[in-house]
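Worksheet for the structure shown next.
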Amino acid sequence: MDNNKVLDEFVRNYYAQMAEGVYGTPISLDPEDTALILIDVQTCVTEEYFVEGFKAMGMDVEPLMPALDQLGENIGETLANIERVLNKCREKGIRPIHIKIESLLPDAADTGRLHKDAGMLYPPGTPGTDFCKEAMPLEGELVLKKTCSGSVVGTPIDRILRNLHIDKLIVVGFYTDQCVSTAIRDFRDLGYQVDMIEDAMNAMSKERHDKALQAIQNIYAGSETTEELLTRLEELK
Amino acid sequence: MDNNKVLDEFVRNYYAQMAEGVYGTPISLDPEDTALILIDVQTCVTEEYFVEGFKAMGMDVEPLMPALDQLGENIGETLANIERVLNKCREKGIRPIHIKIESLLPDAADTGRLHKDAGMLYPPGTPGTDFCKEAMPLEGELVLKKTCSGSVVGTPIDRILRNLHIDKLIVVGFYTDQCVSTAIRDFRDLGYQVDMIEDAMNAMSKERHDKALQAIQNIYAGSETTEELLTRLEELK
Amino acid sequence: MDNNKVLDEFVRNYYAQMAEGVYGTPISLDPEDTALILIDVQTCVTEEYFVEGFKAMGMDVEPLMPALDQLGENIGETLANIERVLNKCREKGIRPIHIKIESLLPDAADTGRLHKDAGMLYPPGTPGTDFCKEAMPLEGELVLKKTCSGSVVGTPIDRILRNLHIDKLIVVGFYTDQCVSTAIRDFRDLGYQVDMIEDAMNAMSKERHDKALQAIQNIYAGSETTEELLTRLEELK
Amino acid sequence: MDNNKVLDEFVRNYYAQMAEGVYGTPISLDPEDTALILIDVQTCVTEEYFVEGFKAMGMDVEPLMPALDQLGENIGETLANIERVLNKCREKGIRPIHIKIESLLPDAADTGRLHKDAGMLYPPGTPGTDFCKEAMPLEGELVLKKTCSGSVVGTPIDRILRNLHIDKLIVVGFYTDQCVSTAIRDFRDLGYQVDMIEDAMNAMSKERHDKALQAIQNIYAGSETTEELLTRLEELK
């Protein structure tokens, strides 16, 4: 048991050293071959969505409000960071690509099995499918829809990125432990250089976000804060 | 801060309830359409490999031995479970598919960027590429090689499973937080039903294994112990 | 030279015999697992499109009119057949999936290299991107866009068909020698059963259509006429 | 009928002009990013294979010999060209990638549906799976196996080419109308520049080869003769 603590410490050092070699220098930022990937920045992650959802199910929401208010606060901070990243990327000519969970068919029959089994059906127009106001796509920006967790398995993004000659990705969005983790793993496996913005992504709880970070941060992708990225973007050109 | 604990508790309940509906009943086991996927059960996860590697780098291994012995003990227990699962699956006619990290080319030029950047080059015959003795493929069993983290991105397994009419997967192997997590996420997104054997997989440390489980266990895949699976397999036919 | 004629005859018999065994019985038609795939049934295949295009390029169209009128006649017959197939499939509950060439971005930057090199840019709203009136999608029918030849490489259709549990495909559209041939080859390689309706597809010339048929008809897919299919559909239920 | 001849002529001119703009200049040849793709250069395309096969089926081969001898002659010429291309590519440092039809499993259970339906089962060691002596892979050259028509759907070649930073392909092999056509279409759709060597590929009959060329030559890929390619390769460096 004690030795497991020794091992944990050893492994932390082991990965930290490995990461330093690979992710010590953040990816270069070049509008020509870099895109901003926004994953599931849609209203189904907001406090309002949960509150309305629970009410619709006839639940007494009052006892849940302390938890949901904390969720709202956490997600709100993340959305503010996403908005800053998005605006600065647009300003500097880095193309945003918006990915969201939404089916193509009105009856959601095209939903993937993972989501279908969990009852996660999001036909167009359903509550939760709208983009958050902090990350509303502009006319002419790419919007891709998926009905599963991963962006690579669930959308033609790999092919689109190739056609656009993009091979560097800045990733933000929801949830760190689910769709974001899946996307980052697959992107990196396909050969893209990936930079994740650690405070412009979040999970349903801080606990889940923090634990998920350990598996991917500086292992599958370089990681920096919104502030660090904005500083680097500001210096562009 | 306090409210974040309330939120954590709320979220744990939330996912537990969701999971109960989807993963409360484990996948049925039918040799006709079920395969056992063994991920990276190769010697590069063993204590011996790390000890030899550190020695080859001229490091003094002595101070690391408590950590490495614990690693050896943890991995050893997992390998014993993998062996039991593999043998029982063979006995019951469930096809094992062995996936390992190894390049096709002698100079490893075909290695994916994630592994190349990290210096993880595994040409055929390199230390670490042999299967562990507990999970040695038999003549005529499928062996697939990859040079990245994910089994779906890195091998033609999706197509092979389709040709074999398999849509249920039992997953074991290494590491829980890396190649195993990536594979389970992608398999599930592609529509496969996945059953992960929680004590027949492991990470470099217990800490990493435990944290990684939270993101996938009963969310991307049903989860049971070796003992539970063996009991169910025993009842087959 | 003479012996090449003997060989041609021999090979025709060889493939005819092989085809009889595989495609002698047409695929069964079951709305549960069958879809109608309409490929590029869009106005860029019509006589009007070519006439307008040549005029826009400042060419004297008059000398080309005999050829273009013949093209219009050929395509018109095919469109009439497509319309009959589409209507009967809808009536019988076989889901139509409409695929067309159109970029996602207004500047067509997401166009695949094959089309980009050839100057084939089709941003939304461009002449040629509208569906032909004979095959206008209804509200709630699937529409997929591509910027290359193949439907499998260029759209997420494989994943969508899996989610819909469809594994039998009826294929119609344009052009037999290009996008239709590519799609049929890839669909079949992925394991779908494919039935091509030989007079509900066409190429720019009868010569090209006929020659292309030889490579795929009853080799990559079973083949029947509109009339034969309609008779079989009529008998459904 | 007459007007169809006018249309055929018009269409030939139309594609010839389009092709001139795209394929008028052959792809540049750079060992850094160019590979030679050899498709199905295996003994199942040889006269011997057919003769033995027919005998094994108890057929009287004698009446078929004029056709089979012509087949042997045609294929022999093609194999000689393939050998010259392969040797010159090796000499100039252009990496050959050998693709062949062969299952992974001894019982060929992993065979794709297209081949399974046609009874085309090629387990390892089966007659027909050996590479032709003119195109025997050297130690350390990439060999990929497939159980379907297409190289892209049937092998992980797209990922391997990306890892190798290759985006230009020289394609040779068998059969022009089947596996070669499918591969060229998919490669080009994925964004690779493709150069097909028109007399280093062939079909079962000259008729089939010629007709298939029309659909792909200078439409999906640039096309040159063995002699033209060898001259260009000779000038390299």
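The letters A, B, C and D name the chains in turn, as written, and every chain counts its residues from 1.
Simple rule for what comes next: contacts are C-beta pairs under 8 Å (C-beta built on N, C-alpha and C of every residue); 3 or more make two chains touch, one makes a residue touch a chain.
Source: prediction; values computed, not measured.
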| item | value |
| --- | --- |
| Chain whose mean Cα position lies farthest from chain D | A |
| Gap in Å, rounded to a whole number, between the CA centres of chain D and chain B | 38 |
| Mean-CA-position distance for chain D and chain A (Å) | 43 |
| Separation of chain A from chain B, taking each centre as the mean of its C-alpha atoms, in whole Å | 25 |
| Shared-contact residues (touching 2 or more other chains) in chain D | 112-113, 153-154, 159, 163, 190-191 |
| Chain contact topology (line, ring, star, complete or other) | complete |
| Chain A residues within the chain D interface of the complex | 159, 162-163, 190-191 |
| Chain A residues within the chain C interface of the complex | 104-107, 109-113, 116, 140, 142, 147, 153-156, 159-160, 163-164 |
| Chain B-touching residues of chain A, taken from the complex the two chains share | 3-4, 6-12, 14-15, 18, 21-22, 64, 66-71, 74, 112-114, 117-119, 148-150, 152-154, 177-178, 181-182, 185-186, 188-193, 204-208, 211-212, 214-215, 219-220 |
